[in-house]
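Both of the next two complexes hold chain A, though its partner changes from chain B to chain C.
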Partner chain A sequence: MVESIKIILTIFKKDLYSELRTRYALNALLMFVITTLSIILFSIGNESVSPELLSGVLWIIIFFSTMSGLSRTFVSEEERGTVMTLHLIAKPLKIYFGKLLFNLALLLGLNIFTVALYLLFVTSFSVGNYAIFITTIILGTLGLASGSTIIAAIIAKANTKGTLYPVLSFPILLPLLLTVINATKLSVENALFAEALGEFQILFSYLIVLTVISFLLFEFIWKE
Partner chain B sequence: MAFKLILGAWLSIILIVGFSFPITTNPTNWYDLPFVPGLEDKARILFFHVPMAWVTTLAFIISLIYGIKYLTKKNLDYDIISSSSAGLGMMFCVLATVTGSLWAKFTWGSFWNWDPRETSIFVLLLIYGAYFALRSAIDGDEKKATLSAVYAIIAGITVPFFIFIMPRIVEGLHPNEAIVSQGKISMNKTMLVIFLSSLAAFTGLFFWILNLKVRAARLESKYYLKGE
Partner chain C sequence: MMETILFQIEKIGKTFNNRKIFSEISFSLKEKGSIAITGRNGSGKSTLLKILAGVLTPTRGTTELKINNTTIKPEDYFNQLGLVSPYLQLYDEFTGWENLDFFRRVRNINVEDKCLDELLYRFNIWDRRNDYVRTYSSGMKQRLKYAFALIHKPSILLLDEPTSNLDAEGIVTVYRIMEEHKHNGILIVATNDAEDIKRCDEVIDLNNQIGKRK
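Coming up: the complex of A and B.
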């Protein structure tokens, strides 16, 4: 057990160092968030937009920035031809969890950045109940990382990687997106925490189901 | 051959009967169909649209089962069945969406309302689309079979979530409430018989086309294996 965790952490660290050295995904993601946000701010202009609508827009930014960056972990291994080495070093499941951990860290950082910018610059968006809002962001990030990691592993083996990623991810992430948008709306409307409990149950079970199914199926993808 | 002829005759009878039997408020004759409030003549879609939606689901489940079988046995024949079933499922999914959407225009006033059923069939359509986009982007039969089977399983797992999510977002408009209320079916015997035989006929149609598709795909793969 301790040995497996060590290997998982080693893979996580390897990805982290190689990312910090090139900053390929990081730079692209940050710029993506900034450009999208500025387009939204330009298009809003002086109009007053309802906060309910803006809670959907927040998740549109998060979804598409996820789609633009999170496939890197697996695609770069294929492109650099380092898949075989990874096969030799560790068992598939440890690689999966290492990659999941890395994607999770990346997405969490990205979402904190996005949400901070969004709260600062989109003035008509104000959160009423921060407990709901923060729980939604955390559960949403966990589910998004889990769903997009397994799809990234699939598309790394395909020919047209970039365009295929959002196409394959959208039907799978749709239950998550609908629920987080709903929960964010509740947080804007200053609802009680108990009212959002149903949403959190869905998000939590989605996270568990997707992680378990990825855990069961990753070996088939990785060995192809 | 006999199966094909019987199926053709059966479907023609359902088509004629489904469109021509009169709908009356007080069914007395054996050929009278009952009047469902709010649906009137538009209730006839039941005989065609519901079986199509049922076949769409059936095709997805068969595709899923054979996908899992492929992953455990690694026999490419299972992949042929799985992908053929998915192809047919997509066709029936488009048919069910189009018929349902046309019907919605005349009953609810617009082609698309994001009713829970509409959303779930839309998601199914997206999954079928993504499945074939994935298949066309992979070289090599084994790789294609494995990855598409894995994708179908992951996608299939997330579909049941909509049952819990959609009622929280929009209210249902679907008339299953009008037809089946409090466990009591407001169809009379004639309507039920036509509906059930249509369901059986569409299922038969699906298996007949699936059989043809699978045989054609097997021949095709044999031809390529021999090398031109």
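Coming up: the complex of A and C.
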């Protein structure tokens, strides 16, 4: 077990250093967040938009920025031809969890950045219950990272990687998106934490189901 | 004591998009055994090597690897074999040393820094160990691939076009490794080069799919 964790962390660290040196995903993600947020701010102007609607807009930014960068973990290995190298040094599941950990770290960093900018610039959006909001962001990030990692592994083998990623992700991530939007609305409406428990249960179940399915399927996806 | 190795290939076949690449390939190798896989371009030499490495699943047939009479699961083949091939790529954004360091950590093997240095010396890339792989020439990358393939002291060495991109000195080093490996494990080479074929005990021609003992 300890050995497996060490190997997973080694793959995570490799991906982290690789990303810091190549900026494969990081630049795309940051640029996407900044440009989308700017467009939204220009569109809103002086209009007053309901905080409920802005909850949805926040998750639209997060979803599409995820789509613009998170596939890179597997796609870049495929494009550079290093997939076979990975095949020859570690078992599939260790690679999967190493990649999942990297995507999770990347998405968590991105979401903190996005939420900070959103709270700062979108003045009509104010959070009433921070406990609900932070829990939603954490569970939403976990679910998005888990879903987008396994989908990235699938589309890395396809010819039309760029277009296939959001198309394939949307139906799989839809239950997650609807739930996080609802939970974010509750946090804006200053609801009690207990009122959001139903949403959190759905998010938690979704995360467990997706992780177990990924665990079972990855070996088949990974091997040609 | 030398370990006993048995690598059995039984009626292997591969089909891509309804196009049969090869079929009914069978051979068996024991320790100190070596085989050259030949065939014209597109005959499936590299594909067969990928199947033997456990990277690709065959459409038909089976492979079985036994070491000291213990059957090794296909998903664990990677611990027992080393592969050098033109389509194998190392990480360009890391240095030669960082690549080898990553491989030993992921493989979770106890290889000291000194051993990595020796490997790099042997393949004459020690001076460039701290340079990014993207700055290496194709010959240097090929040398680094040998270090990658040998870092875990594999029982089976799979070489696809073993001398491509190498200069005369590199070729001598590779032939020495091939000779050494023939005495310590199993050597499988996919090539059409007469000099490479000469160094193997058996030849299998994918065009005729006939195995010949030399």
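Operating definition for what follows: the second predicted complex is superposed on the first by the 224 of 224 C-alpha atoms of A that agree within 3 Å, B and C clash if a C-alpha of one lies under 4 Å from a C-alpha of the other, contacts with A are read in each partner's own complex, and residues count from 1 in each chain.
One rule holds in what follows: a residue touches a chain if its C-beta (ideal position, glycine included) is under 8 Å from a C-beta of that chain, and two chains touch if they have at least 3 such contacts.
Source: prediction; values computed, not measured.
Asker: Which chain, chain B or chain C, ends up touching more residues of chain A in the combined arrangement?
Answerer: B
Asker: Given the touch rule stated above, what does A:158 touch, chain B (first), chain C (second), both, or neither?
Answerer: first
Asker: Check whether A:209 is in contact with chain B, with chain C, with both or with neither, and answer first, second, both or neither.
Answerer: Touch status of A:209: first partner only.
Asker: Please work out whether A:23 is in contact with chain B alone, chain C alone, both, or neither, and reply first, second, both or neither.
Answerer: Neither chain B nor chain C is touched by A:23.
Asker: Identify the overlap between the chain B-contacting and the chain C-contacting residues of chain A.
Answerer: Residues 224, which sit in both footprints.
Asker: Give every residue of chain A touching chain B within the complex, in rising order.
Answerer: Against chain B, chain A makes touches at 150-151, 154-155, 157-160, 164, 167-168, 170-172, 174-175, 178-179, 182, 198-199, 202, 205-206, 209-210, 213-214, 217, 220-221, 224.
Asker: Which chain B residues qualify as touching chain A in the complex?
Answerer: Contacts found on chain B: 71, 123, 126-127, 129-130, 133-134, 137-139, 142-143, 146-147, 149-151, 153-155, 157-158, 161-162, 164-165, 168-169.
Asker: Going by the contact rule set out above, which residues of chain C touch chain A in the complex?
Answerer: 50, 53-57, 75-76, 78, 81, 83, 85, 87-94, 102-103, 105-108, 148
Asker: Which positions of chain A touch chain C when the two form their complex?
Answerer: Interface residues on the chain A side: 3, 6-7, 10-11, 14, 17-18, 21-22, 80-82, 84-85, 87-92, 94, 219, 223-224.
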